[in-house]
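Structure record follows, encoded as structure tokens.
Letters A, B, C, D, E and F mark the chains in the order given here, with residues in each chain numbered from 1 onward.
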Amino acid sequence: MTTAIYPGSFDPITNGHLDIIERASKLFDRVVVAVLSNPAKSSLFTPEERVGLIERSVVGLPHVTADLFAGLLVDYCYRHDASVIIRGIRAVSDFEYEFQMALMNRRLRDEVETLFMMPQELYTYLSSRLVKEVFSLGGSVRGLVPDFVLEALTQKYPSRPNLEWVD
Amino acid sequence: MTTAIYPGSFDPITNGHLDIIERASKLFDRVVVAVLSNPAKSSLFTPEERVGLIERSVVGLPHVTADLFAGLLVDYCYRHDASVIIRGIRAVSDFEYEFQMALMNRRLRDEVETLFMMPQELYTYLSSRLVKEVFSLGGSVRGLVPDFVLEALTQKYPSRPNLEWVD
Amino acid sequence: MTTAIYPGSFDPITNGHLDIIERASKLFDRVVVAVLSNPAKSSLFTPEERVGLIERSVVGLPHVTADLFAGLLVDYCYRHDASVIIRGIRAVSDFEYEFQMALMNRRLRDEVETLFMMPQELYTYLSSRLVKEVFSLGGSVRGLVPDFVLEALTQKYPSRPNLEWVD
Amino acid sequence: MTTAIYPGSFDPITNGHLDIIERASKLFDRVVVAVLSNPAKSSLFTPEERVGLIERSVVGLPHVTADLFAGLLVDYCYRHDASVIIRGIRAVSDFEYEFQMALMNRRLRDEVETLFMMPQELYTYLSSRLVKEVFSLGGSVRGLVPDFVLEALTQKYPSRPNLEWVD
Amino acid sequence: MTTAIYPGSFDPITNGHLDIIERASKLFDRVVVAVLSNPAKSSLFTPEERVGLIERSVVGLPHVTADLFAGLLVDYCYRHDASVIIRGIRAVSDFEYEFQMALMNRRLRDEVETLFMMPQELYTYLSSRLVKEVFSLGGSVRGLVPDFVLEALTQKYPSRPNLEWVD
Amino acid sequence: MTTAIYPGSFDPITNGHLDIIERASKLFDRVVVAVLSNPAKSSLFTPEERVGLIERSVVGLPHVTADLFAGLLVDYCYRHDASVIIRGIRAVSDFEYEFQMALMNRRLRDEVETLFMMPQELYTYLSSRLVKEVFSLGGSVRGLVPDFVLEALTQKYPSRPNLEWVD
């Protein structure tokens, strides 16, 4: 049985993340979406809220679960008997940083393999950071995140501007 | 009539920015240099000072104006009936971020087109950040910014070092 | 009046090219799609066939025409009183070559400005070369080129394989 | 059961390829190393010789086989009931081309997923082309290819120079 | 006599830095490893500690010294009569930033030449930041830094986790 | 005494190459500009003509010579007791290929170090290939190559077009 870990901040989960999760769930026996809980880094949603939004997003995917993690990623893999780390790559600049991390992780534990996957073209410009920035300024992110993430964002930004031309 | 918006921080305007502005002013009926007013981000010059320095720089260009903006860039375009966003690109790393922003902006309002322009070769290494860093340490930035920007920088860094070999 | 030249091989025109042409036609008074006629380079379609396919593609765009050119691009611009060269960029590797050409063209004639435009995300993986390769091996390129280009391709590859699973 | 296809020219197989194959063989039930047989492209080894060298290289890996293929890669996947394409990436320039191919393949058959894997750092500078070029000029490629590939290269280049300082 | 400056943060020095220093010491008469003392930037080791760790690392290299510097790099070169700045580059993203700095430094003082050197492949994924991050989370960095740097790190992170599988 | 080899095709030498040669001549005791003589590759100038044009270009630089070479670059270094290979880099795409070659050369002979140098900004768009293409189509390359290279180009392209607007 092959377990794959898909680590990230997921602050919040987007349809680009979901696209990767669905593709991965067809290839591996178990996929764990692992939310990095980093107290030193400020975030919009708490780690628990982020896990909750992921859990709602993967309801239809039986072998996918969400979890929190802290510490070394390869240590988390060791404890969950996972042999695969999944990373989505969208751009060249992503790629170099990801490559560096993957080589370090391989050095730390050679048993764990990092696999890179591509999101759909429509999601190449998509990131959690951009979703938050656009939404907070009044722009629409419908279609870029699940509907209940849209609701969760609305609660986080109660006073966002009301632009006349936005759908 | 085609209105083009050239958005940025311009903290302060450099000769690289001016090069783009002059080239754009020949192609479009109206060019608005739009200074992003972002209270969350620290800057050397206030937004108003930045607009003032741009206004002095574009005195000879009749169809160019400077303005402040906050919020979503495509919303600013909507309110000013602008169909073009202009961005200068110097390097590959610029390009990927710009591409991502442009695709998001297109998704938000398809009527607005982002056009990328190249500065002169001499300005490829030039950025407002680098100008401030070099000037504050005593280096010369003459020729990289208009003369009155040089004066404005001198007032902001009254105690910069006096290096014997600098012009 | 601003005339923009959109130069290329167009062997054959794709929906990615058409996307750029439509966007450009909204910004400039006249757009000339200029097919490079280079006898030294082998091509699937003759230059005249390529111009014909472009002409059928832009029937609905009143200010867009197709033309052949040979020689220096900036010389062609001079003879057609064009002040803008349009180039589509999809990827980082495109970008560097395009940058180099644009800087050389600016050096040759500073009056001509190169503007870079982005195609839709769906066309980021699209090139004439890839269309020909995939089609000749039996793959479907429906939706990537206009329908009459599909017919023209069928005539050029009469013996392409018939794959059972292809639409 | 998951079958993964690892396609390429393998002219000849290097230790960088072998590294990817070994890693992939731990993750998937079956790995097929698929040699592209392209009569239009000149090569040092015939497709059959290349398959033979791969077969000798993977003797110790029970679920790995070598094969020839021509035509569309996703069609080959369809006929072998393979749901995964594996590609090694070493550099940014690799990445963009690979991305483009992977997006086209996904468009042709969405059931097939392309996964990108990293070779060991030591093999980042390694390519079949470079191995042939260096070997033909008298340089040593020991350690970069299996020993029997070294012998096969010696037979292909009987008159390569004998450099005094080479091991 | 040619003096080369190798500037950086060195927080702390890694075997990747040392590899560059050793290579540079064979090419130039004198190499000064110059630690940037930037009070505005937080660091794990004090500038003096960093100089101390470098000094212990280069004990066997007679013409290499370590020093602190603040201010403009080319001014430091002027005061030490150095005509060469050495920079290690590992990745494309490094390269663009380095290029920009080098062009600015050349503009400030044309007498100083920036030379780019490559570290060994094994160190391409290595950075001081990554060393600190991995070590603080319990991962092993043995072989990536000199042994006494390992001891110094242990003192800085007294409560790092004790992972069962780590060497 | 440090000897540096600056290898390349130099078909023909440009002012970008000369800029690198002049900078290198200040840093090393001897610089050999080594023209690769590759019978398999077509060129405009014969290898001997290329050496001749370089020799005329470096008349004022006492420690610079021009030479032909064939075979492995590090073997040429060995025979000339050279410890440095110099390469100019202009762009990210240059950089990756150069990196790959440099790592292979280091593997072949670790005693030889590859140093990367930047040309002036004005020459970032410059290549021998572009010079030939532009010149053959009637464009001016004055200022991009030495004057006697301009004459040599004129003899190679006797029937180039005479454009009215070119200087």
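The rule is simple: contacts are C-beta pairs under 8 Å (C-beta built on N, C-alpha and C of every residue); 3 or more make two chains touch, one makes a residue touch a chain.
The structure presented is a predicted model; accordingly, all values stated were derived computationally and were not measured.
The interface with the greater number of C-beta contacts, when D-F is set against D-E, is D-F. Residues touching across the chain E and chain F pair largely coincide in numbering: over half of the numbers involved belong to both copies. For the pair chain B and chain E, the CA-based superposition corresponds to a rotation of 120 degrees in steps of 5. Measuring from the averaged C-alpha position of chain C to that of chain F gives a distance of 34 Å.
Taking the mean of the C-alpha atoms as each chain's centre, chain B and chain F sit 37 Å apart. For chain B, residues touching at least two other chains, in rising order: 92-93, 96, 99, 103, 121, 124-125. Interfaces, counted as pairs of touching chains, are A-B, A-C, A-D, A-E, B-C, B-E, B-F, C-D, C-F, D-E, D-F, E-F. Considering their complex, residues 92, 121-122, 124-125 of chain C touch chain A. Residues of chain A that touch chain B in their complex: 91-93, 124-125, 127, 130, 134, 137-140, 161, 163, 165-166.
Considering their complex, residues 71-72, 74-75, 78, 92-93, 96-97, 99-101, 103-104, 107-109 of chain A touch chain E. Contact residues on chain A toward chain D in their complex (touch as defined above): 2, 23, 26-27, 83-84, 89, 92, 95-96, 99, 102-103, 106, 113-118, 121.
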